[in-house]
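One chain, chain A, appears in both complexes that follow, with chain B as partner in the first and chain C in the second.
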Partner chain A sequence: MTSVQKHYLTLFNDNSIIPESVLESEHPYLSIVSHNIGTSPFWLSNSLIENGLIGTASAINKDLSPRSTQDTNVVFISFLNNEDFYVSNSKKSGIDLSINSNFKFIDLFSDLFSNRLKDPKNASRDVETMFDEVKKIIHDCQHKKRIVFIESPEFLLSSTNLTPNQLVKHLFEINKFCNLLVVISAQDSPQFVNTMAYEHSDPSFKITDFLLKLYHRSNININMQPLPTGRAKDITGCLTVTKGSRPFEIPGLRVYEKEYMYHIGKELGIDIYMR
Partner chain B sequence: MSFRRRGEVLNSPSIQGGSNPRVGGPQAVPQRGVLPNRPGTHRAIPGQQRVAVPNPLNPVKIGPQHIQKPPESTSDQYAHRIGVMPSLVTSEPTVSTGCSDLDKVLLHKGLPIGKSILVEETGSTDFASVLVKCFASQGIIHNRISGDQKQSHVIVLGLPHSWANELPGLYKGSTKEQKKAKIESNESKISVDNLADSTSARNENNMKIAWRYGLSKNNETSKVTEEENNKNYQHQFDITSRLIPSPSQHEISFVPVSNVHNFSVIIAQLDEIIRRQIKQSPSIRIRIAIPNFLTPLLYHPSCSSPTFIFPFISSLRTLLRNYSNNLVLMTSISSDLYPSESLIGACLLSLFDSVVKLQPFNEEMTQLIEKAYKSEPSKIQHGLLHVLKIPTLSDRGMMMVRQSEYAFKNGRKKFEIEEWSIPVEDDANENDAQTTKSVEF
Partner chain C sequence: MTKLKMSSSSAASKCCFIKPKKMVDNSLILFNRIIGLKENTPFILILDGFFQSSYHLLNEIASKNNSTKILYLSYETLRKPHYADFFIEALDTPVKTLLAKVTDFAKPLNEKKEKLVIVVDSMNYIQSEDLVFFISNIARPNVYLIGVYHTDLMQYQSPNLYYPSEIKLLSYIANSVMEVSPLPENNIDEELLDYKFSRLEYPVSSSINAEKFRLTLTSKRKSGRCITFRYVVDTKSHEYQVLRKQDEKNTDEQELLEDLTTFNLNTSLKQKLAKEQVELPFMEAQENLGSYGGAIVYEFEKDDDYDEEDPYEDPF
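Up next is the complex of A and B:
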């Protein structure tokens, strides 16, 4: 019986996940991590956080060595989960986010509708105030190298009267304060992405419009989806890495465009295979 | 010399209040043998716990400051919380949904505390309500097991108080099983007749078992508590019976939704009830049941807007996370009103921790199954159950979607979920009739 060779996940041609050159660059970069039902990107975002903070990614690439200096701030903004969800699960990958001073979690889930956006039908101004606070936190970060993750921002489009242009504007402003902005978004079709929706007030149209505009600005895209043939015991899903519409303005650096298959075990052990 | 009848129950109320006040329970029954802890008797007795003898060379320090507490095991953590067990997958504290098969499908042996489940249903049937009712009944039963401390509370959203009278009662077994249980309960009572049988058997056992096994009596006690907890963890409900006595307002609360346009009003009411209950009993489990969520029959038309639904579900999710040691939520919704293929359906999927979908068979399929199982009507299933999300595991990125792998059937005994396989139609007779002609090869 032949055994399939496992691989380590790399996103760039220098065998890195988040290259040092990206963090040292003056240009802000944008990445989109999209997922479907059944393929939550929790494990990937955990690995990206670990890579951003200390340089390793123990779950997906054991070749990476820790950085000599830990001078990168990672800010995680979530509309779907609280801090406890990420902190408690990060311990399994050997990094305790609760005591890491370079990690900041901005919880926009717990008091979103009880405190921040009390009137979802008329939320534009409150959303602006909320993002101003976020920008200030990012701006006040100790280090100049900054990576910002934002999870499920499209939730604002479906639950409030916010327009896609307003949300895109806020995200681009956040991007100016960091080296890399990673937008984590659901992309099920036709539920979230429906190119046949034309009604401007339709949340499907708003989310489609938002994502399309984001894709026109991104530098690297990672997509995760289940197997088209359905559930398999030894494969969780497919992970596709593609370059975005904007190239990286770093000489010699290019996105390693590949398609992988991956499997998540019960103890969060991740096996990656080249497709 | 005894003047009692052989079948008379010794600790019955008539005797307790009668001429012999010392007889109060099994411990008070006079027994022959060496009395425990009698001064001067230090010999280990088979079947009895060994008493520590003070030794001048190795003095035993007595006092609470010297008693080393053994580390609390996982089973001990849940021992005082009736109806709570560690998850089979993640070890999170978990409660039963009231349907043992659904507990199995969720892989955790129930629903982890602090998590939610959405039951979607297509078509005009209402099987989902059975699950929600069992979920509520299970909470009430847990509360009734321990009389002194409040263990559980149920909050129902959107339905009138009369809904509490429709909750199913415990399944007592078939007539045969009920008779057997009655005999067993009579035998377990302490009567002269039963004692004569049991003491002789017990003494015989004590002689057979080596004395050292007697040392593990403490472990036995904890095992018994664990077993008792396991027994009380999940119950079987008979949907044709009713919970007697009907749940009182101390056990169940109702939050109205009619004429409420603002989600924050409902959330504030829920929060207030939860706070009040937790204040009374900090380890209480609160089950929120939302049957027929967003049905136009109960909810105002403005509630079907995404600006109501998403903030409302998100706020419920916040409540679950804030009270992650106390709350569980079960909601049922019609997939015809909000299909999974729509944006609202997909957003609900991302906001709930677990989602199952009931898809009753259409008429054609029902006829086929009835025909296939005409000799075994108990095997007839009512529809398919699709698993779309599993608590915790789906959030960790595991692919837990299982479409058309399970079938469900709703019966008096219980709501059963089993692995689905297409029934084979038995056409043996017809085939035999066709092959009576001689065939030439």
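Up next is the complex of A and C:
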């Protein structure tokens, strides 16, 4: 692989990752980052957070320069990791999220069942209260430009009686308060995604229905898969960037659709190659 | 293949032909009339899927009806589309409340006999038991309902086992059904798309969720007759082409023969024309001799060996 040319990751035709025009737009946009068990997207999430806050993405694109004004709020909601996980990982990119006033982390992982959801079999009310809190935090953000990440919301479908429509409604309401909502979701098939499932209470039925509804509204999709041909020492996985069902309603802005291969080396050195 | 070009500014009735034909294709006129809401189609059902969204088709219909008032019932759209005059958020709203809101908008226009288009961005969110109630209560003179239904979402079984599926019910009620799908591409076949869909992945392809797509129109006439046409719709240039089965078959054959051997098995357009112009001998024979219908005509040639004594050899 040493002879293959490395590339910088860009998601749009203007060579950007999160374009300024998206943050300035009145339309709320939706992005889906899907992954499998072997392709954790935490490095991409960190780069997207960095790009949202500062404008750079040092691990995946060294061409990007910092924004002149740091006027974007980034809110990260996670059902899978706590704040320390992202704070420690971002330090490797030279950013301390714990002291950045534009960054807010909402931990829905640590005390989800001990405090927030009293009865998972009858969770609709508690989930509504929980998302009301989240919406308030986003609404109270200082800046108008807002990016919200939500990691593994599908976890609520497999662990409670929440229906896909209820969860979709909460996410759409969150999306109304921000310029870009990034939904990070696992798509292992057939454990989580099974288009042939028919039992309504089956978690894979609920998760597939939920994801399909999101895909019908998404503007950009990023999919991360292990190497389809098997394991390789110098390749961690494949990353595919595709446009969503709805285009960005910004003149001239297009999703740069491409397939990449990537390798995560020591100290989070990420090499990206065109496929 | 007949092409018809419609400029975005012109009304649906104004059209110019890129390739003039002796007769304008009726199917194109029908398609133009349906999307221009000039046909009597109070309910148009649009079926879309994971690989081709109805977003561009809705924009195209709106551009053809820019002088008509459009009410957008949103289940999955967060902001009012640029072409909509009114916008109602319908997610999590009971059907009766929703209908009351629709009536508030429709009634004044109805009194003025003005046309109103109601767009429902996803009928999947309406419970199957409420679908008939919803559609029948929306229907009124001068109101056109355009409902989008995503065909690939998970199907919730009705508690009543004998109740029809949502898609069957909607297709039965609709006056016109438009199904959109991506245009076939060389590197992407049905099998790959099925595999990708089973894992909810998109292939990198310019034909997925594109502005140019394939559309199958099923139009129900008043007589009960049902006609189906297929088109290639380019919403960027506002050009529509009729897709005939023959065109598809020819393309498929060409694709099958491509790269099969080192020989060139394909026929060029010139070769095809030459082949069609060859006059086959039996056609000529029928013209000269077969004028009296049903008769078996045999014309002796000089080398024919005719045995007069053979009772079975009687050409007449």
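Operating definition for what follows: the second predicted complex is superposed on the first by the 273 of 275 C-alpha atoms of A that agree within 3 Å, B and C clash if a C-alpha of one lies under 4 Å from a C-alpha of the other, contacts with A are read in each partner's own complex, and residues count from 1 in each chain.
FYI, a contact is a pair of C-beta atoms (placed from the backbone, for glycine too) under 8 Å apart; a residue touches a chain by one contact, two chains touch by 3 or more.
In this text, all values refer to a predicted model and were calculated from it rather than measured experimentally.
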Following superposition onto chain A, is the placement of chain B relative to chain C best described as a clash or a fit? fit
Now for A:N223: first (chain B), second (chain C), both, or neither, which partner does it touch? second
Looking at A:H200, would you say it contacts chain B, chain C, both, or neither? Reply first, second, both or neither. second
Looking at the overlay, does A:K266 come into contact with chain B only (first), chain C only (second), both, or neither? first
In the overlaid three-chain picture, which partner chain does A:I37 touch, first (chain B) or second (chain C), both, or neither? first
Scan A:R246 for contacts with chain B and chain C and give back first, second, both or neither. second
Once both structures are aligned on chain A, how many angstrom separate the closest C-alpha atoms of chain B and chain C? 14
Intersection of the chain A residues that touch chain B with those that touch chain C: none
Show me the residue ranges of chain A that touch chain B in the complex, using the header's touch definition. 37-44, 80-82, 84-85, 89, 109-114, 117-118, 120-121, 152, 155, 158-161, 186, 188, 190-192, 194, 203-204, 207, 226, 230-231, 236-237, 264, 266, 268
Can you check the complex and tell me which residues of chain C touch chain A? 50, 53, 55, 76-79, 82, 91-92, 122, 124-125, 150, 152-157, 197-206, 208-209
Chain B - residues contacting chain A, complex: 89, 263-264, 267, 306-308, 310-311, 314-315, 317-318, 321-322, 324, 340-343, 345-347, 349-351, 388-389, 394-403
If we count contacts the way the header does, which residues on chain A are in touch with chain C in the complex? 26-28, 34, 165, 168-169, 172, 175-176, 187, 189, 193, 195-198, 200, 205, 208-209, 211-213, 215-217, 221, 223, 225, 240-247, 249, 257-259
